[in-house]
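One structure is given below, represented as structure tokens, and several questions about it will come after.
A, B, C, D, E, F, G and H are the chain letters, set down in written order, and residue numbers restart from 1 in every chain.
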Amino acid sequence: MSVSEMFIALQGVLTADQDIREEIRKVVQTLEQTAREILTVLQGVHQGSGFQDIPKKCQKAREHFGTVRTQLASLKNKFPADQYYRFNEHWRFVLQRLVFLAAFVVYLETETLVTREAATEILGIESEREKGFHLDIEDYLSGVLTLASELARLAVNSVTAGDYARPLRISAFINELDSGFRLLNLKNDSLRKRYDGLKYDVKKIEEVVYDLSIRGLNKDSIANAGGEK
Amino acid sequence: GHRREEKDSINPPSAMTMSFKAFQVELDTKHDKYERLVKLSRDITIESKRVIFLLHRITSAPNGEEILMESETKLDLVRQKIKQVAQELMGEDMYQFHRAISPGLQEYVEAVSFQYFIKTRSLVSIEEINRQLIFSEEDKDEEAKPSSDCHNKQHNTSSLKVTPVDYLLGVADLTGELMRMCINSVGNGDIDTPFELSQFLRQIYDGFSYIGNTGPYEVSKKLYTLKQSLAKVENACYTLKVRGSEIPKHMLADVFSSKTEIIDHEDGLS
Amino acid sequence: MSVSEMFIALQGVLTADQDIREEIRKVVQTLEQTAREILTVLQGVHQGSGFQDIPKKCQKAREHFGTVRTQLASLKNKFPADQYYRFNEHWRFVLQRLVFLAAFVVYLETETLVTREAATEILGIESEREKGFHLDIEDYLSGVLTLASELARLAVNSVTAGDYARPLRISAFINELDSGFRLLNLKNDSLRKRYDGLKYDVKKIEEVVYDLSIRGLNKDSIANAGGEK
Amino acid sequence: MSVSEMFIALQGVLTADQDIREEIRKVVQTLEQTAREILTVLQGVHQGSGFQDIPKKCQKAREHFGTVRTQLASLKNKFPADQYYRFNEHWRFVLQRLVFLAAFVVYLETETLVTREAATEILGIESEREKGFHLDIEDYLSGVLTLASELARLAVNSVTAGDYARPLRISAFINELDSGFRLLNLKNDSLRKRYDGLKYDVKKIEEVVYDLSIRGLNKDSIANAGGEK
Amino acid sequence: MSVSEMFIALQGVLTADQDIREEIRKVVQTLEQTAREILTVLQGVHQGSGFQDIPKKCQKAREHFGTVRTQLASLKNKFPADQYYRFNEHWRFVLQRLVFLAAFVVYLETETLVTREAATEILGIESEREKGFHLDIEDYLSGVLTLASELARLAVNSVTAGDYARPLRISAFINELDSGFRLLNLKNDSLRKRYDGLKYDVKKIEEVVYDLSIRGLNKDSIANAGGEK
Amino acid sequence: MSVSEMFIALQGVLTADQDIREEIRKVVQTLEQTAREILTVLQGVHQGSGFQDIPKKCQKAREHFGTVRTQLASLKNKFPADQYYRFNEHWRFVLQRLVFLAAFVVYLETETLVTREAATEILGIESEREKGFHLDIEDYLSGVLTLASELARLAVNSVTAGDYARPLRISAFINELDSGFRLLNLKNDSLRKRYDGLKYDVKKIEEVVYDLSIRGLNKDSIANAGGEK
Amino acid sequence: GHRREEKDSINPPSAMTMSFKAFQVELDTKHDKYERLVKLSRDITIESKRVIFLLHRITSAPNGEEILMESETKLDLVRQKIKQVAQELMGEDMYQFHRAISPGLQEYVEAVSFQYFIKTRSLVSIEEINRQLIFSEEDKDEEAKPSSDCHNKQHNTSSLKVTPVDYLLGVADLTGELMRMCINSVGNGDIDTPFELSQFLRQIYDGFSYIGNTGPYEVSKKLYTLKQSLAKVENACYTLKVRGSEIPKHMLADVFSSKTEIIDHEDGLS
Amino acid sequence: MSVSEMFIALQGVLTADQDIREEIRKVVQTLEQTAREILTVLQGVHQGSGFQDIPKKCQKAREHFGTVRTQLASLKNKFPADQYYRFNEHWRFVLQRLVFLAAFVVYLETETLVTREAATEILGIESEREKGFHLDIEDYLSGVLTLASELARLAVNSVTAGDYARPLRISAFINELDSGFRLLNLKNDSLRKRYDGLKYDVKKIEEVVYDLSIRGLNKDSIANAGGEK
């Protein structure tokens, strides 16, 4: 085989690879669009009026997740299953974002932490690496940390909207999350840096609870909080 | 920089030399124009910033109308500068010089949209902004472009279009000013404005998150600051709500009027 | 003159410059020390017991300003009079701090804003650039902004100490200051950033006044406020 | 000696050095793990129910410090005693963290500031540089500043838990600490930057005290505060 | 129009913009492919045997330029005619390359510099901005500078191939080009940087001419040089 | 499952992952050591005396490749086969280096380009991605580009050593390589950047050939070159 | 920006307000001056750069004297700009505005020292440069400062001093131009200039290494580029020497004259 | 002991520390001055005329090293011997520079590589860490790498000055150095990065030797080279 024949063969492989990446990029763009739409729906809960119809918003978000599942299904067909890590830089960011959105919906619905398994179900992907297109732990955790920030914001806006019970429940939830993260031994990477931000969320929510407590606004709320949960 | 056309060679210059001399003129002309535009852009930026400072004086001053009028006059002067830009760009592809003028235009969008918000409590559209940047030639200004090679144009109108990206970047910066206005309002005992502002800012924030990273990098880069401004406004509203919880709603008017008294009383002392 | 002689001469100039800077740095360090001592004296006003003997604290601070004047007199001899702005990065920070301390003393004594002229007198420097070592307008304004923060803190601690009249007076003062600052067109520099903090001080004081108002704690205070002064 | 022989000898030294660093890194990882466990124990005090059994938590933390002492003893055997500063970048961060944890325990137990000597005893290291593996002043101070932040948070959560006396005691403590730091002439380094954060903790605690004062919640507390101490 | 409608409209504009860019990128890729093919054809002149059939190579390259014209015609339809400079970053690089290739062909054919007008004709685009898709002066000049480097290489390889006359002609050509470029006042941009390379090409060719001169290899060549042309 | 149980499970996975990376790093270090030894063997060819015993040097290098094969075999057992791309950042650099060394040996032995298949055989890994631990095209090409630089250097040193025929053969080889690369459509990544360096190697070698030509030193060499090959 | 002195308040303004109004005027005046200086500095930079380009034309052109004269004229124009700067700074502490004008002054030093080197083959001293920046008021220029608030000064002379650091930074950049000149010389068959340049550059390099890091950071930062320029020049001299080794010295003149012939011969073709 | 007493004691320690650093900085400044003077002396060898009086230049440099020894002796008295690594950031850079200068002098005198021991003798410091103020391997190697660059420059300038033998000797020396460095297993730190530059020096010198060889200028030189050594 001459050098030139050899390089023609190599170019064939390179082209195939570039085509795959192009395909992946396209699907990822549609995923990003859907993710942004879900975000727009869920951000409505911060509006004063948004607290009434949380269920409806969750419902609507759930519908969008149908689209997400279709898009992710399409994504996983774009490349050989065992080359997940060859291409995952392309979808990593949007996947973390989708985990956050799934976690947010689940929290709004049940005030619990979405498990990794539950998150993968919502997204229609595998929970275990061996089975195919899956959700890495780091990506799951990253999405969960975004949820923590969002809940800190929600605690503030709940009070503005006159809902004094919610911050107390958020506080309990976030404390549990914080304890959970303290069990992890994170490397000095981007996840570690994001985790360092969690303590600001914890503090912010504690201050909201404090503001309510000192004004006695947590009194009946506590009863409610217990009851509602 | 190009007045030694004939004197530097005894032999007749070759065709190649001739064309490079033409290139020299072409490049110098372009660079000179670029430089004039940079200077105009700096002027536009500075004057727009001063309009914004002026508008922030409204919350404290009782003469809002007067300040609004003054800001209008000042914005007209800025638009005169933009008109000079438009004249420079007449017949050009404005994107060729976009980097020179973009900073100024963004700051102008920020100033104009701030004024518009104060007047109407809504967001000025890019169409509205561009409508104001169509200039007729009747009000010919004399002092314009002293350094340019004054090619007397006899067109009827000139115009300039702010690009969507410049508009977005200007609006992104606007949110910083709105945040300042919000905190100022709280400090001045105005409890309605903060809630209005938080509604409005949330809409802009939602708008930017909807755009997300489909825009250019500069837009995505501003999202973080925007989010922080929103948080400051939301926190301010939160505080107003929480502290308002300690007295019945109907007492509020009383509380604030008495505060005003105190200030008036103290005013004579210093 | 050979190239090498020229560079030897230039290095001489650079070395002389560095020597000047070294000298300046030393004096600035003593100024920082004195500034810290004045601060410690004045910090006492925030503590419960500190409200009684404000005059005595001001008195003591005034004595320290004697030291400051000596140190600043020494500073201005360290460099050519017409090169103030060549070296002012070295003393800018401490000078702003000293302006704040002077403004704080003057406020505690008379509840008025120290003028630029008065500040320069307390510091023993010139009020106009032409006359020599002077107080730059930005440095004066910066010191005044620090005063605003300190007064916001004082308003809070006054309430703790049971002095309900002082916050009202502070509020009036800071509102006027705020109006003054709004007249300025600032560049995007550090002063602008510090000025952005002023609105939070105003807000904080407004909140204290509000807290007093809704409890009716401002009623007799008004009378007192007039009387005390 | 030929160049090549010389370089072989040099490589021997380099390898030894890399081995030491590897060993140090491993011990530091176990220290970080223990530190995280102590933190989890002590974090409990921020929760409502956590205020009752502070002594028990301190007790438990003290036990973990036994492990810390063993690990630090192991660490100091990993390298020649006079090369402390050659390797200290590896353990600096965790050492500051451990000082904070020791200071937190001591505060919770006695509401006093752990001295540098006491801190070194808890950690089982030397208090003086000459004697071997010791605690640098900067690291001690850094740990103390972390304590200040933690106490600001504790003041907030005390109120939530209905303990209105503790914030007043914390306020007194932090004021003393602040005065202490003002005696120091810190360079423009990371410690200085961290110290600049102290004033926010002071302010936060003053605002908590203010909130209690204006609502009259500090009244009986003051008596209690005196009594408890 | 509501804020949200406004942003939806803006996103529409941004998406349209991206679609245009995507389309442009695709055409640009085909152009790059063609440019690479032309280059491969012309590279042959550097090899020993390549000197005989220069006309044939030029002929073949000319045919490829037919494809280029079609591709550029397609490119100019991808975006509004008056927004050339909005998108030109995408094709700038390949356009400069194509100018170089056109200039190389013209040089090989006639040993003259392709004019800007001639270059635009070969590429099938406009020579003036007002008329549509045109050739920017900087891009033209940049392509010409690449030609200079290529000719320096050609001078070297001509000698290897035993053609001693060509370097002398190249030398005269490149000297004139250099004189031309010196008339320009360039900004500190990429063109300036590329222009800085021209003097090294001139130097290289001068060295070749020198090598020929000291060996007397330029003597009869001069006659030939005139004759060959 | 409680949040805390969930996080304990997650930590288990994270730890396993970190252990794998640690193992990989260790093997990679031994690979780097072997690569350095092979390089030292082959570097000898650049020295005057080194031209005689090229076969012996190749022989010795081949022996070292036995060690490489063992080490790579060990490496591939450190992680699940389908997670090649998850960890390949760790060995990428050394793998490219080893490809270069293999290509250099093959060139010295036969003056041909090692094929990707041949390279994988020398390294004892798979040539196809599907079969396991393989050699990516990009890594193969990267190693080949390093060879080009090395050959440019070899051309220079051949002349010094009085071998005037070798540069001509290298020139032919590198021209073929250059044509080959021109068939590839490389993305704007690190490989593309490295490829941009190839033209300097080509030019350098052309200049060496030029230097020989103009001095008539290539005359008999050409005959030899043909013969030797 | 400051013409609403009386109208915005019915009550007489307080003392504090009065002083802040004065501050507003003071700050605006200063910022306006700063901005005018930035613009002048940009002009000085651009025109100095063009002088440098002009001077590079000498190696190729036979009319060195003519170009030198033209460069002198152009430098006089630059000095007119610097005079405007000097007038703006009259009575000021120039260091207050140094950041605005420093880039322009550095580029001027580069241009002037380049011209000086070409004329005298030596380094212009900072004293010499500053001597040329003492301006008498006799040649009063009319078009200066159109936008400033023209406070008619009647001083006899104005002057500006380039600081040692500006001088050093300008000279550091000069070395880049000298390197270009060196390579150009080689390309033009001038074999003396490169050796002269390498001697000269080495002296400047030695000078900068002697100063080392005692100067400000900006100076140390340029050392690397300076070292690279020197290396390029030394390499060029090396090549000249090595290739010169192949023929006896007395043949050189012959070689180059024949080369010149070729060029002349070819010149008519294109 | 009260908090305030404690902090006063701490400040005492901090002040002592700052004084030490101040003292160190002053001595280091004088060292830098001397180093610059030695450099100025030695840089003379690059001048055409400088080749005659190398011995005289070395002599003069040696005298300056007397000053260096005095200054280093003074430096080591400024701080406790076992805190070398606490402060070594201050003198690290100048020490590397001095090693380079010593290595340059030794090379010019004897054309051999200064050993670490010899370097420490010239500088009047210890060769072993245990004995006190010593020279770290990394600093020694860093200085040696600077020598390599300087020799590449010297090879070029030797030719310009008509000394054709020196480059050949430099080439042999640098090749030996390169082999030496290949025995080291450097971490990915600044030394590694500097070492990567060595190959450019090697190549540069090879090209000089090539230029001489192809022109036959190395012929008698080789004899001389052998003889001189």
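FYI, contacts are C-beta pairs under 8 Å (C-beta built on N, C-alpha and C of every residue); 3 or more make two chains touch, one makes a residue touch a chain.
Quick caveat, the model's predicted, so the values are computed rather than measured.
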Q.
What's the farthest chain from chain F if centres are computed as the mean of the Cα atoms?
A. C
**Q.** CA centroid of chain C to CA centroid of chain E, Å
**A.** 64
Q) Between chain F and chain H, what is the gap in Å from one C-alpha centre to the other? A) 34
Q. When the C-alpha atoms of chain D and chain E are each averaged to a single point, how far apart are the two points in Å?
A. 66
Q.
Measuring centre to centre with CA averages, how many angstrom lie between chain A and chain E?
A. 50
Q. Where in chain A do residues touch two or more other chains at once?
A. 179, 183, 185
Q | Contacts with two or more other chains, residues of chain G listed in rising order | A | 1, 14, 16, 31, 50, 61, 206, 210, 214, 246, 267, 270
Q) Okay, what are all the chain pairs that touch? A) A-B, A-D, A-F, B-C, B-E, B-G, C-D, C-G, D-H, E-F, E-G, F-H, G-H
Q) What part of chain H is in contact with chain F in the complex they form? A) 175, 178-179, 182-183, 185, 203, 206-207, 209-210, 213-214, 218
Q.
Under the definition above, what is the set of chain B residues touching chain E in their complex?
A. 1, 14, 16-17, 19-21, 23-24, 26-28, 31, 91, 93, 95-96, 98, 122-123, 125-126, 164-165, 167-168, 200, 203-204, 206-208, 210-211, 214-215
Q | Contacting residues of chain C [partner chain D, same complex] | A | 29, 32-33, 36, 39-40, 43, 46-47, 153, 156-157, 159-160, 162, 208, 211-212, 215, 217
Q | Footprint of chain H on chain G - complex, ascending | A | 198-199, 202, 205-206, 209-210, 212-214, 231, 234-235, 237-238, 241-242, 245-246
Q. Okay, in this complex, where on chain G does chain E touch?
A. 49-50, 53, 56-57, 60-61, 180, 183-184, 186-189, 236, 239, 243, 246-247, 251, 255, 258-259, 261-263, 265-267, 269-270
